[in-house]
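Just below is one structure, and these are the notes that go with it.
We call the chains A, B, C and D, going by the order they appear; numbering starts again at 1 in every chain.
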Amino acid sequence: MTKENLIKQGAIWAFIAVELIFFTVMGDILSVTSKSFMDFENMLLLLKQSAPIGIIALGMTIIMVNGNIDLSVGATFALSAVVLLDSFSWPFMAAIGDWAIPLAWFFALATGLILGAINGLIVWKTGVDAFIVTLGSMLGYRGLVFMYNGEQPTSHLNWTLVDFAELQFLGLHTATWFLLLTALGLWLLMTRTVHGRNAYAIGNNREAAVNAGIRVGPHFLINFMLIGFLAALSAVVFYSESGSVNPNDGTLYELWAITAVVLGGTKLTGGYGSIVSTLGGVIAIQLLRKGLGHIGADTETVNLVIGLILITVLFLDRQLNRQGKEELKT
Amino acid sequence: MKRTIKAMLACSAAMLGTAAAAETMTIGITQNNVGVDSYQTTYEKAFIEAADANPDVEAVVLDAGGDVARQIAQIEDLIQQEVDAIIIWPTNGEAVIPAVRKAKQAGIPVVITNSNIAEQGFDFVSSFSGPDNITQGARAAEIMCDKFKEMGTDTEAQIVQISGQPGYTTAIERAKGFEDRLPEVCPDVTLLESQPGDWNREKSQQVMEAFLVKYDDIDGVYAGDDNMGVGALNAAKAAGRAGDIIFVGATNFSVGYEAMEAGEYWGSIYQSPVDDAKAALQTAIDILGGKELPFLNYFDTPKITQDNMAEFDKPVF
Amino acid sequence: MNNDIPILRLEGIVKTFPGVRALDGVSFNVLPGEVHALMGENGAGKSTLMKVLGGIHQPDEGRILIAEEPVVMTSPIQAKAKGVVFIHQELSLADELSVAENIFLGELPRKTFGRVDWTRLYAETDAILKTLNVGFNARTRVGDLSIANQQMVEIARALTVDPRAVIFDEPTASLTDAEKVVLFDVIADLKTRGVGIIYISHRMEEIFKITDRISVLRDGEYRGTLVTAETDEDKVTQAMIGRSLDLTRSPLQHEMGDIALEVRGLECGALYQDVSFSVRKGEVVGFYGLVGAGRTEIAETIFGLRAPSAGKILINGQEVRIGSPIEAIRLGISLVPEDRKGQGLVLGMNCRDNMTLPQVDDMTAGPFLANGAEVAIFDQYRDKLDIRTPGWRQQVGNLSGGNQQKIVIGKWLSMHPEVLIVDEPTRGIDVGSKSEIHNLIRELAAQGYAVIVISSEMPEVLHVSDRIVAMHNGRITREFTSDEVTEDSLIQAISGIASDKVA
Amino acid sequence: MSAMTRQGVAKLLARQGILVAFVLFMVVFAIANQRFLAIDNISGVIRSSAILGVMALGVTFVVIGGNLDLSVGSMMSFSTIVVLDLHDKLGPTLAIPAMFGLTLLLGAFIGVLVGYLKLNSLIVTLGMLSAIHGLTLTWSGGKNMDIADKEATWFSVFGQGDIVGIPVPILIFALLAGALSLVLGRTPFGRKVYAVGGNGVAATFSGVPRARVVFFTYLISAFCVATAGLIQASRSLGSQNTVGQGMELEVLAAVILGGASLLGGSGTVFKTVIGVLILGFIQNGLLLVGLEFYAQYIVTWIIIILAVWLDIAAKRGRLWSSIA
């Protein structure tokens, strides 16, 4: 069993290692710049650049361990960002100087929490499948984004905020700290707390969890609020630095986040998954993008390669989990 | 980054000596969203060709896929790779400003191409090279107004607008230029409604179909580019009302040019992605060469109508 | 004992669902230190009653009293807090989690900030496991345990609190005899501690072995309580189904034909090895053994669902290769699978469509399905098998277990197979339907079918088989004819005890 | 009285909720804008829904078979680009079968992965969404694809022509819907799709070749996508590489609105058609009453959740779920 787990959890890191070696070697041959791919600074950037989707993907892990899915995270990300940047222009906010910053963060995070809560409540109270609920709210929330500012980008460039976001504490960028702290927090949640263990139990055998008296509805609600919060956190981290949000920002983030979670080995049916492996999945994707850019692959190749790699990983995972020839052929 | 083997060999040969490497300029570009339409694709091709043609230039060509986060990451990567200059086609004219500042702090000159960034960022940018989209919108308003005056309908004409993808600077600026200029030149023309066509011919066709049902009297259509303009034209043709409507677009695409030849489409703004790309690269080279440049390098985007189209070559995209 | 205050008392419980009166005035009590059997056919209301007790449903009328105090229970966890604990029939475990987490599911010991107190959890779990005398520990992943051990985990759940009443719902369904002994010890221990036990089972021999009283439900109505020592199987059966059952072996004897199916040295990896047997036309061969002995896997191999690693299969003396169920069906082999809902039926489809599914390709007029032909087949087997359903449009999921099983059997009979394999034909089916199905199997053999019956219930195997094959741990240990078989020798054969002697 | 009517309403909603919603919609919009029910508007809506509709027909098979197909939008872009490119290279008579062949090949590839190799369809088609987009860009070099001589070709008939006054796209949509409705509802194959989606294991145990059935649902889906691409290409005789982008989710929304369960085993072609029309009329109706385009996002959100909710509420006999 431990050996199995080692293969399962180690696979993503092995994949990352392969990517690193491949891009370093290919980069030396193909890249026009003399900088090596495996440059320390570049690796720090890698972590930083993984943050926007990474923070969301980490939250998606607990949702998927539950056996649910959230397709609305991209729209939640955008709406929280709009609230974050727009709130700076509210009259009372302008009056309080830099104190507006934490308040704006609070508004954005609260937005995420509320949007997540709406999803969670609908899933809980109506019993409609999370896929459908969040497919709907993915459209609905995006509509709200457009409604909020009439299709225009929302901008507020606050240099204090940018300076904070660009800070490198102990060498790591602010965004990296948020990513790592989120990962640590969620890892503790999933492995050390009753809520986290219940998440596995529910995803693994919902009936059993219900029979054991775990209140599945509120549990879902909390998790949807959590991912709403994390989508907002991701927006806070990213837009503190960039200061302007287009209404279309965050589209397809849900698909990238799901991809990262699946690459990390979380079961789509729920009940199995790990935060650390999701972090691996996130890094693997960012590495792929970065590396393909580094060796000069063009847009079509990037699309093709990312799509095929996803399928290949799924295929390999299936092969690893086969029971051999004795398997029932159903 | 479609380099030939030859270019690769040249490149590795160039890397043999640092002296040689110092003479070549490494210029990185991060584009908005290649592959989403012909303009951007042609731009990329033209840029690569222009870079390949210049022995002193090595180009790192990247595409943000319309995602601002990815674009910022690419700017950071280019800074980290210590390129000599960075050209940015912004996905969002404001969100890239902090990243541009970083480039400035790292001592790397930045050229903005095609669609400018917001004023707050001007301090960190060496130069802008591209079309003047506000002027384009204004010119489109003039084209339309002149035609109405010629037809004598400028006192009562009703028009609709199909704008580009919501949130994109180019779309916003063109719409603004058009909407501001129209009342100045033709105060009696009414703009009935604007809907986005997302730079997409099919979407634009659907929007136009709905307009046609909703309004019995449409005298003109302004589309944020010809791709959408032709979509609207198709819808009007299907409804048998194309003859009553004056179509004006922007960024003259070959389909638009053909429709003008066929007499179905009145006018547009001539804007060549090849010029756009070459201008951007040249601006970067000039800056690296220490030339003094004006901050705004607009390349000319003239009016094109059925009347003067013979003066222009058919667009290649 | 009669002087004691009942630990649990139900008073006139009524529960209705839209259109159904699921429970209609159910009243009985459980005394401390008593094992109280609850019996009834499927659909009689047992599971609804249990859900009411467990707080999953609220009763419309009536009261529940614990130690003579009226209580309202709104969730299983609340029931457990009040000392009422459930052991579920269907394994209700999360197999990715550890044994300890499963046993304490829903009530993991906490430290500050909602953290799990792992030390306490493991310590308490190991203490419980020790009393159960099992060979695994608190940290084992449940998915790595055998079915029987998983059942033991389920049972261990009852012991996490100091229970006042424990409800066992078919706890022995997948236990070995040795494990049953442990279970009965646990029950005896609970008894001496003054715990009241409700024991739900279809197995008469267990009921009479361990229970003190028997309460019977029929169609949601309470049919009275019998003292076990003063009653017998027939009386209980009568209370349950309103009539007596003929439990003797079907006298139907008939000529046997040629060998229809023969298996030589069949092997499928680690699942089973060196399996050889044959079945004649008109013969019923029973396969008896423990869960996991390899019986189902043999059936699945013959039906083309598993690839054998060695050995031959012969149909009517001809060696055949069976790569898929489609090929098996073409060769005249049919399988009524063990898991009726998971493998036998598409619950969301109607009765007719389920029945004609294997031959749907032939039910056509031109390119389209021939409605008439399909209905004709359904009608024929509905009448033949006495399937009770409002009509063919009824969704199979709404039928009772017995009728569902008859649909599956009808599905295969309509294919006119030569070899019919039935795997656990009466699992989860009530007593009345059970004997109908047994008789049906005998009749089918009389009509010349070669039948294999796989069962974990000894009375069933003894009742229907002409010959019995005993299996242990992937191997055939012994074959018996119906004349020579005795319960003892059979038990020895499937426990592996006799295997050395006989082989 | 109220109890009876309420029961009656509940029953009606349970059986034909989607139709009731549809009629309500039409009435509301018709009151709000009298143009809404004009013949040319209705025909316009159906015509512009035809492309989405044709794709939804195929996805209906996939979803009833218990899988998802998120690649249809990307695949439609591929078909459109390919047929336009080949039109000028091979001529329309060869271009059309060649495009169908290539699209079916993609469908077969997905079919093998999901059917025979049993990989999760969500992830496979997500990967294919990206991969096919790359393929399309490679094919076109990223450029818009346009037919050179737009007046001279009969190719425009599929998107722009009409036969006895009915626009050809509507005709194709109707014919395909009719044919596929028969396939799904009246043939052995259709029955097997329901069986495989309803309970794949039980279907296998009943001798239904599950892998092959799933494979064919993807082939049907690809066929529909190719047809949609043909209409699309013929309609504008030129196209961008991203013409189908994002349609996968609209298609899925239409199928779900039609009442197909994502778990598989339920849904019909007719209901999907209703779902498609509802989406089309929402879009059109909101545009006509002068609401901004994003209003349709919000309305679609509410409609989808209400539709599915009422559907399952009717099945369980209670409005609110029993999740504790």
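Heads up, the rule we're going with is that a residue touches a chain if its C-beta (ideal position, glycine included) is under 8 Å from a C-beta of that chain, and two chains touch if they have at least 3 such contacts.
Fair warning: this is a prediction, and the values are worked out from it, not measured in the lab.
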Chains contacting each of chain B and chain C, listed by label
A, D
Which pairing of chains accounts for the highest number of C-beta contacts?
A-D
Inter-chain centre distance, chain C versus chain D - centres from mean C-alpha coordinates, in Å:
43
Would you kindly tell me how far, in whole Å, the mean C-alpha position of chain B lies from that of chain A?
32
Chain A and chain D, separation of their C-alpha mean positions in angstrom:
29
Multi-chain contact sites of chain A, meaning residues that touch two or more partners
146, 151, 210, 215, 299-300, 302, 329-330
Chain D residues touching 2+ other chains are 137, 142, 201, 204-205, 292-293, 324
Which residues belonging to chain B are in contact with no fewer than two other chains?
34-35, 196
Go ahead and list every pair of chains that touch.
A-B, A-C, A-D, B-D, C-D
Chain A - residues contacting chain B, complex:
29-35, 39, 41-42, 45, 48-49, 52-53, 146, 151-153, 155, 157, 162, 165-166, 238-239, 241-249, 252, 286, 289-290, 293-294, 296-300, 302
Would you pull the chain A residues touching chain D in the complex into a rising list?
122, 124-129, 131-133, 135-144, 146-147, 150-151, 210, 215-217, 220, 255, 258-259, 262, 268, 299-311, 314-315, 318, 329-330
Residue ranges of chain D in contact with chain C within the complex:
182, 186-188, 191-192, 194-195, 198-199, 201-209, 265-266, 317, 324
Residues on chain C engaged by chain D in the complex (per definition of touch)
17-18, 75, 303, 305, 324-326, 328-329, 335, 337, 342-349, 353, 357-358, 360-361, 363-364, 367-369, 411
Which residues of chain B touch chain D in the complex?
34-38, 40-42, 44-45, 193, 195-196, 199-202, 205-207, 209-210, 212-214, 227, 230-231, 234, 238-239, 253-255, 258, 262, 317
